[in-house]
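The first chain written gets the first letter, and so on, giving A, B and C; residue counts start at 1 in each chain.
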Amino acid sequence: MGFSFLPKEEKFYDDFDNLSEKIVNAAKYFMVIVEKGDFGDESLMRMREHENQCDEITHEIMNKLNKTFITPFDREDIHSLAHELDSIVDIILTITNRMKIYKMSGQIDQYLVKFSDVIYRAVLEIAKSVNTLRDLKKSDLIHNYCIEVKQLENVGDQIRDIAMGELFNHNDIIHIMKWKEIYEHAENVIDQCEDVANIVSTIVVKQA
Amino acid sequence: MGFSFLPKEEKFYDDFDNLSEKIVNAAKYFMVIVEKGDFGDESLMRMREHENQCDEITHEIMNKLNKTFITPFDREDIHSLAHELDSIVDIILTITNRMKIYKMSGQIDQYLVKFSDVIYRAVLEIAKSVNTLRDLKKSDLIHNYCIEVKQLENVGDQIRDIAMGELFNHNDIIHIMKWKEIYEHAENVIDQCEDVANIVSTIVVKQA
Amino acid sequence: MGFSFLPKEEKFYDDFDNLSEKIVNAAKYFMVIVEKGDFGDESLMRMREHENQCDEITHEIMNKLNKTFITPFDREDIHSLAHELDSIVDIILTITNRMKIYKMSGQIDQYLVKFSDVIYRAVLEIAKSVNTLRDLKKSDLIHNYCIEVKQLENVGDQIRDIAMGELFNHNDIIHIMKWKEIYEHAENVIDQCEDVANIVSTIVVKQA
């Protein structure tokens, strides 16, 4: 009897692996368009596709959750882990969108390049921590990935501080306002990664 | 024995229905003053009354929670549902307040009109989902209301994108700064509705 | 047997008392530098020390949590209480940092002075509520501290409203932008205190 439940449990881990992979792809694509300063229709459309894929997997997880009796960890943690992971790509899409709307395409900004690199690295750690969830004996390993995310969050704060300090030397106030908002969103992506790391930590802590 | 508990449980549902209704009233009143561009003392005072009424019901729910042994769903979910519902009107009051403080009364803004409409519709879905909580057999229905809130959140994002894009064509930077903030708060109201929808979903998921 | 667990449980309360005390120290130091308008290297360095101390205690709590079987209240509440307390000082450090980066040292601002006073008072109430957690018979007392934090949050909102209204009369837009951000962060500190108060309330509610 217990046997029939196992595949279902496994499926949740697979779905989360799948979702993490899509988020890594989105973060990688973000890095590419930031390095080219390309925030035109094509980039926005492709980023929206990344976001849609994540939405779909998140929905799948939710549907499965409603139909599954036994879950590998608390139902509400599955719920919030899926939603908070999904939010990472939502904010990346927001930045891409805002860059287009504010007609900032063609601008290559060294700080946003640095941000996109830190975001990518944080998302990689997130993916590793999520991939390891199925093996809770490795809780120390998971713990380390989460600490790494927190350290990347500090790096993100430093980038933002330097970027903001320099930004205010600029003459064009509209330029300042737009970039200030972009930097804040970029920081939010990394904060969101930290939120995910906190949820992963909580899941590990609960099962200890 | 069990019988004597039921009325108490019912009371929680009644309180949440009551709170939702007050929030709908506040959102409706917000729509009226936004359409008239009336952010004077009278509007602010009446909006504050709406907010006070919600505060009172939220306090009542908390007091009842401290005195009740058996609750219809998890104590901490009652706690957070009440507080997050209450926050919807807090942010609506913040906007009204900010419009007054920034001396923006008399300005009718088509985007804020659209926002107030989406807010009203999101709050209606929230109210329906909360009203249906007492009948968890209708979890599909509740799920649909929550999905509707999420879709309205997307609509809100689109309004904000167009509004922001246009805003930066304006000449007066103070005007840009003030409206940027108002639009962000308007978007926050809808995000807050989505947070409530997520809590409602979690409650349904937990009881599945 | 049960006896051997007690010291461990007690240790959590001691750690939280310790963390609260450090936060009170940080808030007191913030009040001092705001009143002197001193946001130079020395102030930033010392505030960073305050923040590091809080980080260390938070880490200690997390480590202990991973090694302890019986906890005085839910593992996940210990987790989030520690992190949310820690965030109070994070935001205070952010303000100090931003004042330095934006070269605002030397400016004494009456509204920030008022904010720092309200922050200090909110943090004192937080500390009292945390200190009382070990004695859940005093849940009414804890409840009152939490209500006090919420009222201070309202006071903070009023300060921000007046400060923002006046700020927009200023001629220098860069000045407006910088101070707008500082005031928003100052308000966030108090919001963060309210978040902590909500967690404390939830812990009390759960154990009722």
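As a working rule, a residue touches a chain if its C-beta (ideal position, glycine included) is under 8 Å from a C-beta of that chain, and two chains touch if they have at least 3 such contacts.
It should be emphasised that the depicted structure is a prediction, and the values quoted were computed from it without experimental measurement.
J.: Over half of the interface residue numbers used by both subunit A and subunit B, so same, or under half, so different?
T.: Comparing the two copies, subunit A and subunit B contact each other through largely different residue numbers, since under half are shared.
J.: State the superposition rotation angle between the two copies subunit A and subunit C, fitting on C-alpha atoms only and giving a multiple of 5 degrees from 0 to 180.
T.: Rounded to 5 degrees, the superposing rotation is 120 degrees.
J.: What is the distance in Å between the mean C-alpha positions of subunit A and subunit B?
T.: A distance of 27 Å separates the two centres.
J.: Two-or-more-chain contact residues of subunit B, please, as numbers and ranges.
T.: 173, 177
J.: Give every residue of subunit C touching subunit A within the complex, in rising order.
T.: Residue positions touching the partner: 62, 65-66, 75-76, 79-80, 83, 94, 97-98, 101-102, 173-174, 177-178.
J.: List the residues on subunit C that touch subunit B in their complex, please.
T.: 139, 143, 157, 161-162, 164-165, 168, 173, 176-177, 180, 198, 201-202, 205-206, 208
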